[in-house]
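Structures incoming, each one as structure tokens.
Each of the next two complexes has subunit A plus one more chain, namely subunit B in the first and subunit C in the second.
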Partner chain A sequence: MGLAAPGREDRRAAEAGVEVRLDRLTKLFGAITAVDEISLTIPAGSFVTLLGPSGSGKTTTLNLIAGFLTPDGGDISFDGQAVGAVPPHRRNIGMVFQSYALFPHMTVFGNVAYPLRMRERPGRAHLAARVGETLAMVGLSGLEHRYPRQLSGGQQQRVAMARALVSRPRLLLMDEPLGALDKKLRERLQGEIKQLHRQIGSTFVYVTHDQTEALTMSDMVVVMHDSRIVQVGSPRAVYEAPVNAFVADFLGGANLLPGEVLARQHACYAVRIPNGEVVAVPHLGGSLVAGSAVTVFVRPEDIRIGASAASAESQVATPAVIREILYVGEAFRVTAMIGDQPIVVRAHRTEAQQVEIGRTVSVAWPTERSRALDVTT
Partner chain B sequence: MRVGSAALKGVTGLVLLFLLFPVLVVVLISFSSVDFLSFPPPGLSLRWYRTIFSDWQWIDAFWVTAQVGALTALLSTLLGVPAAFALSRHVTRGRGMLNALVLAALVTPSVIKALAIYLYYVPLGLLNTIPGLAFAHTVSGIPFVVINVVASLAGYDRDIERAATIHGASPVRAVFGVTLPIIAPAIIVGAVFAFMQSAQELLIAIFVLSTLQKPLAVKLWEGVRVAIDPSIAAATTSVTLLVILGLVTVMLANRRSRPVRTVAHA
Partner chain C sequence: MLAMVLLAPMLLWIVAFFILPTALMIWESFAERGLAPYAAILTSPIYRKVLLTTLKICLITTSGSLLLGYPVAYMLTTCRPALRKLLLVLVVLPYWLDLIVRSYSWMILLGRHGLINQLVVGLGFSEGALPLLYNLFSVCLGMVQILLPLTILTLFSAMLRIDLRLVDAAAIHGASRWRAFLTVFLPLSLPGIYAAGLLVFVSALGFYVTPALLGGPEQTMISQTIMVIASDLLDWPLASAAGALLLVVTTCLLLVYSRFFRLDRMLGGVAR
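Now for the complex of A and B:
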């Protein structure tokens, strides 16, 4: 302990987080390919989320990084060192499991002390200090002598966090750690986990199927689908500029209108949408030729409706027939038909009051908020 | 609904009475004050307990049974627990067959086992030895341990062991420090069953160990054949008490480690 006390900040900065690199990583379960040649670099100290529906390979990827599974192809390296031959208990990782996986026969203290006892053979006083410090970090001071079954779900989750963090691992893996909690608690813990990440500086790899969680917490979101990585980027990039219809839809309500490219102009495609109108969609260097099928993507919150849809430059405006108006609390969910295709609009109260079911109104969105998604990817 | 539940209670009560009545009769007779078996006993006394606990032959029989049973429970645990781990975690092909093989010991007729073991033991010099009988009883004790531990492992969240491993415990340490303590109740249940199985086994005991030392089961059997007096009932009641103690141990073991409360999604 004498060694650690003076330069803890330096030490923490120096060994903050580990860079994890996956290189054409593959895992098969019998005839099923669970992870299919994925390559990814997780920068040291970043908060990266693997996001995808169940069966997309995200948990398998996490278990490969932990070392619980042996890859059938490809490599994993930490800071450039291949870890293929390193067993899980020597990888120096902290992990939070979906079921928490607390040791039921040990107290909170015993659970949190476990990694230190296994890794360092600490003295009694040092052990108590480190455990106390970590429990304080997750707000559980005073519960040292309780057993896991005597704790609430949220408290169990915090014990799992404390156990994962106590030995200051440079890599922390989290497998849907908030999946079993109610919404309110989940939102609070999201903030706390983010704060812990800033405080500790380790690399966090987080697995979830909840897109809101991924967007609010991550520095980088890795969207997985069918055992592959479909898109890697900042939360804004994956939300606002999805590479295909799957990502667009998975990250939140997305309007996906089928269309046909009529021409490629200097910054935009001219696209015919289902009501027969032609709208401009940024091509952003895309290379679709006239005649190709395309999906026009635009988020519900980017669309204005009725009177507020009029005027404004660089907008696309087109007629649509109102089909449904739903009250969802903080806003209204208006469904309008563009030709035979529904489009969902997140409307403000004032907008919603101006429209009626069955009426034809104008819907509009800023051109730069729409994307042309290649239907073949 | 209420009528149905009352009927269910009635039927359950009758079935229990049918099953337990012989035991109750034996227990009552063991407190009899007369020299012959009669029910209900004309008077109550503890004379038959005094008789068996002051008779060296009976005390010896209890002691032999205790030794054989303890050794059987120990060996069944040492062999059965690893077998259960292997069956539930590592065997992928032929699991059904291996399971059947382990359980076969329970359904093989005792006479066949007894004779086979007798012939097998003669050249090995294991006849009339306590370890000899314990080895033979272990064959039937292992299934109790395997069944219980396999069931317990099936309900065990493997992530708990993974949590130990990822946080620095070697695989062996994770099993001994985390998994075994958690499934300990199942192991104890298996061991208690193995012990009780050994204590009540008669046929193999007669073949393997009956000329010099007699385990309780053999002594009871011979007692019933030679002279019927309430000392048999007293010995039987003592054994019943042991069994009840064993079951209480099992219940306490189960209570000690309830699973972690998990929070449901809904």
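Now for the complex of A and C:
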């Protein structure tokens, strides 16, 4: 993607990301609560992803920010100004829609020029320059006179990006913008969108159900479930320190072992896991008492198996029976049984070669990589 | 093969009840006096006037139906599903009333001593009765009323194919509701306008009862003239020639129209 050197105008735009604040925002569709009293502050200029399964309320939240829907409760403000009474066309937002929503009766030029024609009264030369500049930014120069239906999916996506960005909005909303593309193109465009964000400096609010997308692109991930926000944090925080089993599982393969707290010691809980062994799990200030049910969380890539499991220190090590070894290309996916519960290990080639189905081996993980999740949240 | 079998009844129907009678009619027009009936019609100022009147009435009726029908179809497209059901019933309701009954209802409303004139004169808005009946106005009014459901349903089915997210996309990128409509919805609904316009125009060409009941001598339409030639003058070759000419005029209009329509499609003015 060709990047023009940022001019004075660009740098001014970079300071102009808007801070979006949602305060106890609620939306009902008949008897169904689509968004349930969510509060969130999206820092100016940040890249924030609303992540959740379908029906979690993330798209409704986006449509509320855009102004397509009127909230049934709560407030939205941009830089401290309530926007409840401001219609969508005066909110100064750019948006990339899920199916792109390009105007089929307009050329690429017409589509990208549209926001400028509506928002300003640009002269012909100014218009052509701005549209050309923006198309160059998304790597689409030379396609000005094509119609959307004459473009590939990836090109249509870029036109949608260009249209959303051309008037340098302070807020950019993206509703699953890469959902319709194949994996390779998706990964490339993720990088390009991230780059555009750095270049422009507007606030980006991105909706997706793809956790990889959320983790790779965002400054901040907002995990939504059942119309509510479950966790807000950096990609590392939500991936490595999920607040509950839903977040742990939704953000990627998670091992969730049911257990019982036997005691709360100075830094750890002593937890009995399904094979009867007692392991240490950091409590991090948690207040579970002896006898409480708990879910022990640990990522497949944090678990070592076989000979390499024995070596490291400050580890939990416990016996498990190998049930399945799958080759997945860059690694092996080994399933082992801890008591009656399966645990998935992402094993290196050398590790996988040392184990056999049916054998009892040692599995181990660093204590600080595990979490005790309260089953009631 | 199956397609042919399934199509056969319809093809037979068309051949037996449309192509055959049309061919017979055209044959009839030439059989007795050769080209003479055509010469009579083409040289007759009366016939030319009737044809022009017919085209004028059809044009006004089509424009009127589109102007009145478009907002209703737009509303049907954008309103809540529950309201849409109710509105659709209201749109289709007049179909249950007989054509002649509807024309007579207009006579009761518009006549010299009709409801409207009694009100207008009674309330002192006008000295004498307003000329509301037996003129161009009443004919077009009656025809628009009859053709409105067809217009609305044709427009509506075309508008349903427009992705309303496009209107949202226009709004979020700075277009007020009105400008979003003008720049996005209206251009995308053009195919529907063309289709509805064509259907209404062609239907209007054959109108017979409404101009006979609601119009004066000045509003005589081509179908009425053909009827008079056939049943009063009993001049079958002349009536057939008039019918054949109407067919030619209609076909020409259709050809020109479809060409224009396809040209538009080439320019990209069509919804996905």
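One rule holds for everything that comes next: the second predicted complex is superposed on the first by the 364 of 377 C-alpha atoms of A that agree within 3 Å, B and C clash if a C-alpha of one lies under 4 Å from a C-alpha of the other, contacts with A are read in each partner's own complex, and residues count from 1 in each chain.
By our rule, contacts are C-beta pairs under 8 Å (C-beta built on N, C-alpha and C of every residue); 3 or more make two chains touch, one makes a residue touch a chain.
None of the values given here were measured: they were computed from a predicted structure.
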When subunit B and subunit C are modelled together on subunit A, clash or fit: clash
Touched partner set for A:115, first subunit B, second subunit C, both or neither: both
Contacts of A:66 with subunit B and subunit C, given as first, second, both or neither: both
Partner chain(s) touched by A:153 [first = subunit B, second = subunit C, both, neither]: first
First, second, both or neither for A:180, with subunit B first and subunit C second: first
Partner chain(s) touched by A:80 [first = subunit B, second = subunit C, both, neither]: neither
Partner chain(s) touched by A:30 [first = subunit B, second = subunit C, both, neither]: neither
Contacts of A:95 with subunit B and subunit C, given as first, second, both or neither: both
Touching both subunit B and subunit C, residues of subunit A: 66-68, 87-89, 91, 93-95, 97, 99, 101-105, 114-115, 118-119, 149, 163-164, 167, 173
Subunit A to subunit B touching residues, read off their complex: 66-68, 87-89, 91, 93-95, 97-105, 114-115, 118-119, 148-149, 153, 156, 163-164, 167, 173, 179-181
Residues of subunit C that touch subunit A when the two form their complex: 163, 165-166, 168-177, 179-180, 183-184, 187-188, 268-272
In the complex, subunit A residues that touch subunit C: 66-68, 87-89, 91-95, 97, 99, 101-105, 107, 114-115, 118-119, 147, 149, 163-164, 167, 173
Complex interface listing, subunit B residues touching subunit A: 157, 159-160, 162-171, 173-174, 178, 181-182, 257-265
